[in-house]
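One structure follows; several queries about it will come next.
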Amino acid sequence: MIRVAIYNECIHEKNNEKAMAIYPNGIHSVIADFLKADDITVKCFTLETVEEITEEALKETDVLIWWGHVGHAKVPDEVAERVRDAVLTGMGFIGLHSAHHSKPFKLLMGTACHLGWRENGDMERIWNINPAHPITQGIGRYFELPHVETYAEPFGIPNPDEVIFMGWYEGGELFRSGCTFHRENGRIFYFQPGHETFPIFYDENVQTIIKNAVRWAAPVYRSEALVCPHIKKIGTEN
Amino acid sequence: MIRVAIYNECIHEKNNEKAMAIYPNGIHSVIADFLKADDITVKCFTLETVEEITEEALKETDVLIWWGHVGHAKVPDEVAERVRDAVLTGMGFIGLHSAHHSKPFKLLMGTACHLGWRENGDMERIWNINPAHPITQGIGRYFELPHVETYAEPFGIPNPDEVIFMGWYEGGELFRSGCTFHRENGRIFYFQPGHETFPIFYDENVQTIIKNAVRWAAPVYRSEALVCPHIKKIGTEN
Amino acid sequence: MIRVAIYNECIHEKNNEKAMAIYPNGIHSVIADFLKADDITVKCFTLETVEEITEEALKETDVLIWWGHVGHAKVPDEVAERVRDAVLTGMGFIGLHSAHHSKPFKLLMGTACHLGWRENGDMERIWNINPAHPITQGIGRYFELPHVETYAEPFGIPNPDEVIFMGWYEGGELFRSGCTFHRENGRIFYFQPGHETFPIFYDENVQTIIKNAVRWAAPVYRSEALVCPHIKKIGTEN
Amino acid sequence: MIRVAIYNECIHEKNNEKAMAIYPNGIHSVIADFLKADDITVKCFTLETVEEITEEALKETDVLIWWGHVGHAKVPDEVAERVRDAVLTGMGFIGLHSAHHSKPFKLLMGTACHLGWRENGDMERIWNINPAHPITQGIGRYFELPHVETYAEPFGIPNPDEVIFMGWYEGGELFRSGCTFHRENGRIFYFQPGHETFPIFYDENVQTIIKNAVRWAAPVYRSEALVCPHIKKIGTEN
């Protein structure tokens, strides 16, 4: 059983008409719906319940999906640090779209995670540059999203372990749209698409990618705690 | 001209007899001495003057060397964040020995940076596994330090960009003793040896390595600031 | 079903008394025995039947394990190139011990794959530096092999995607003893232990590692062929 | 002094009218011209003189630039292997455009190096995704080449050490247009632009990049030979 938790700040869906129309029950509910499977359970958190993301709750989470934007600063530092530490013990983390600026993602990257951005509703053609990766299974050479928010390089992240998708925007930019990272025992996937005013999470390819990413990020090993052990000399007592 | 700054908390050198005997003027003064060259300037900070590591001071620093241990927690978060941000704009950072647990290094790594450790005065044989790297020039296949503090794997860091030294300890452990990382515009070198109760910074090979690392980490480019720019559509005004 | 093929040149087991005593039916038969599982089939090749490693045979192989030493040069170039190409389409490849100098491994690495070596029957303590990797599951912080052939750094390989095991030798050397690589669609694992005059393939930890590696290297995707496609302009016929 | 050698097969410039008009003295002569500097010497080879790329000549070369296309197969295997081995000892290698399919580049990569391609004279906008890299100095956020041959992902190469340029094509594709690799002691840079029927090597940004790449790829260390040494147990004679 893979225990997924979704954090979606769920602010735009309450005050932006376009977002409300597309995601009347919040982005998280759409993601929860398409993730449902016999071997997957899904729990949801929003900014209003963000304090419920306790150490306990994270211990019972295999993969945490994160969507945030205007509410980043309202996430308590303690919650962000808890999430980071859970990833280091082995929890998977999937950052969607503007989660590039979320506190947990930035803590895990160690960088500012800046990028260029504009909102002209460009088409993004997403190229699959690693057809053998578990996350790209079921995706062709490329697929298109008719309207997205454009993100532009340079993207201020550490060199990813793998760049598996790259995005081409009709306005002339490109972006490392799908990147994986390993941080201690945890696996991280960042995926660029997901702007709140476009029906991106209803797209079949996007759903396939997130479903694949959940299975890829689920831990094969989870450590009890983060420790810096004083060790004995091998074969001795000091 | 390469402008080096050294931060050494300088606590052991005031309260530990062994450290006082070896480094009567502080570890930083020994490092400053051997770094001196026609094209290098050196400035020193200790925990007592750590607040002087201002944004301004960092702008005038090309490479910051960091030695800390029992005083990690006393370094203000704001200073650590300033150092991280300076690295992201392009400043080089060299973390020595127990700096693996310093606030700036941990912020830059995004991980807990734990390891196994013991203090039995083991010999460490340091293997040069990348003879073509700028930092390993002048170092043979290996060299030995008669007594060190032992660090053991696993070392909780992201996959380094390069592992250039690996340490073999006579008691049976090994460690990725010399690692490089790039974080946005900045270059980072972590080097394992440097325990305060052994005369490690007087070792000729160690000095060569730190001198090489300073030249390697000096920026070829430094950005003005960390920004997440709103961009116009190419060729248009929106 | 995972279809494993083992190539073992099987020369020492016919002319070296120690090797004959330990592996009377060849190293491959010991590996085949411990790999057997409900969802794994195993086929074996030796230098005498190396020509049977045809393109057809490789298409029906998910993971190829390779052990070779004094017979490297006798493996036809065409067979080595076939193996490389099969890996590029997605077949897994596990190189054991002196396979570092085998033709297929060298072709895949693009380097000379040299190392330092000596045969004094040293103890090797193998450190698990990535406890969350699928290949290290079931392995503790370290395990020991009482007698091995010593390999020493620098090891002339490209920077591995992951170093998951590092070997400490009692005589003073160390080595990146377990490394993973991805080459196009294929996954590669190199593992240092396996000298023919020591009963290394009877060791429980070694068996666990090779069993894990087989499952890790089995393809999730396999391409039909290696092609450099002339593409049409998207949406057009030229 | 940096000793550069340029290999350009120089076939198109003798039988293709467009190429003849743009490069009347061959692509190599244009590159040689803009590389000239007080501390750089340049020597040129073409397919007609390819046999002159001897071991001796390579020992006296710091950086080899390679342009080839229809003549790849005519380069003798021995020459390609010599070039590979020289890179492994420390010589720099810069592969331009269709050199992705050249024998030395493929040997060094260990992969097929395939890609999608079409010739519709698309505009390529080349994004600088690593502004702190020595090779990108002097290049802005992006620059444009009005007409290029389009290359499309997936590009069958090992995960590069660094992707520093990415190309956006007006027809809808993208490509990792500037990649670095390290192979043993040698540094490798692959750069996508350079089709023979467009005046790409007259472009100021392209010239800056190649000039920077030469300085970046010049060796800091060069080994005498490639050896797999039998070593003595440390401190003993066996």
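Residue numbering begins at 1 within each chain, and the chains themselves are lettered A, B, C and D in the order written.
Just so we're on the same page, a contact is a pair of C-beta atoms (placed from the backbone, for glycine too) under 8 Å apart; a residue touches a chain by one contact, two chains touch by 3 or more.
The model shown is predicted, which means the values in this text are computed figures rather than measured ones.
Touching both subunit C and subunit D: give me those chains, sorted by label.
The shared contacts of subunit C and subunit D, listed by label, come to A, B.
Suppose you list every residue number at the subunit A-subunit D interface; are over half of them used by both chains (same) or under half (different)?
same
With centres defined as the mean C-alpha position, give me the subunit A-subunit C separation in Å.
34
Could you put a whole-Å number on the gap between the CA centroids of subunit A and subunit B?
Computed value for the inter-centroid distance: 31 Å.
Can you list every residue of subunit B that touches 2 or more other chains, as numbers and ranges?
Subunit B, residues with two or more chain partners: 125, 131, 152, 159, 161, 172-173, 182, 184, 234.
Please give the residue numbers of subunit B that touch subunit C in the complex, ascending.
125, 127-131, 141, 152-155, 159, 162-163, 166, 168, 172-174, 176
Hey, which residues of subunit C end up touching subunit A in the complex?
For subunit C paired with subunit A, touching residues are 90, 125, 131-134, 137, 161, 182, 184-186, 219-221, 223, 234.
Flag every residue of subunit C that touches subunit D in the complex, lowest number first.
84-85, 88, 101, 107-112, 114-118, 120, 150, 152, 156, 158-159, 161, 171-173, 181-184, 226-235, 238
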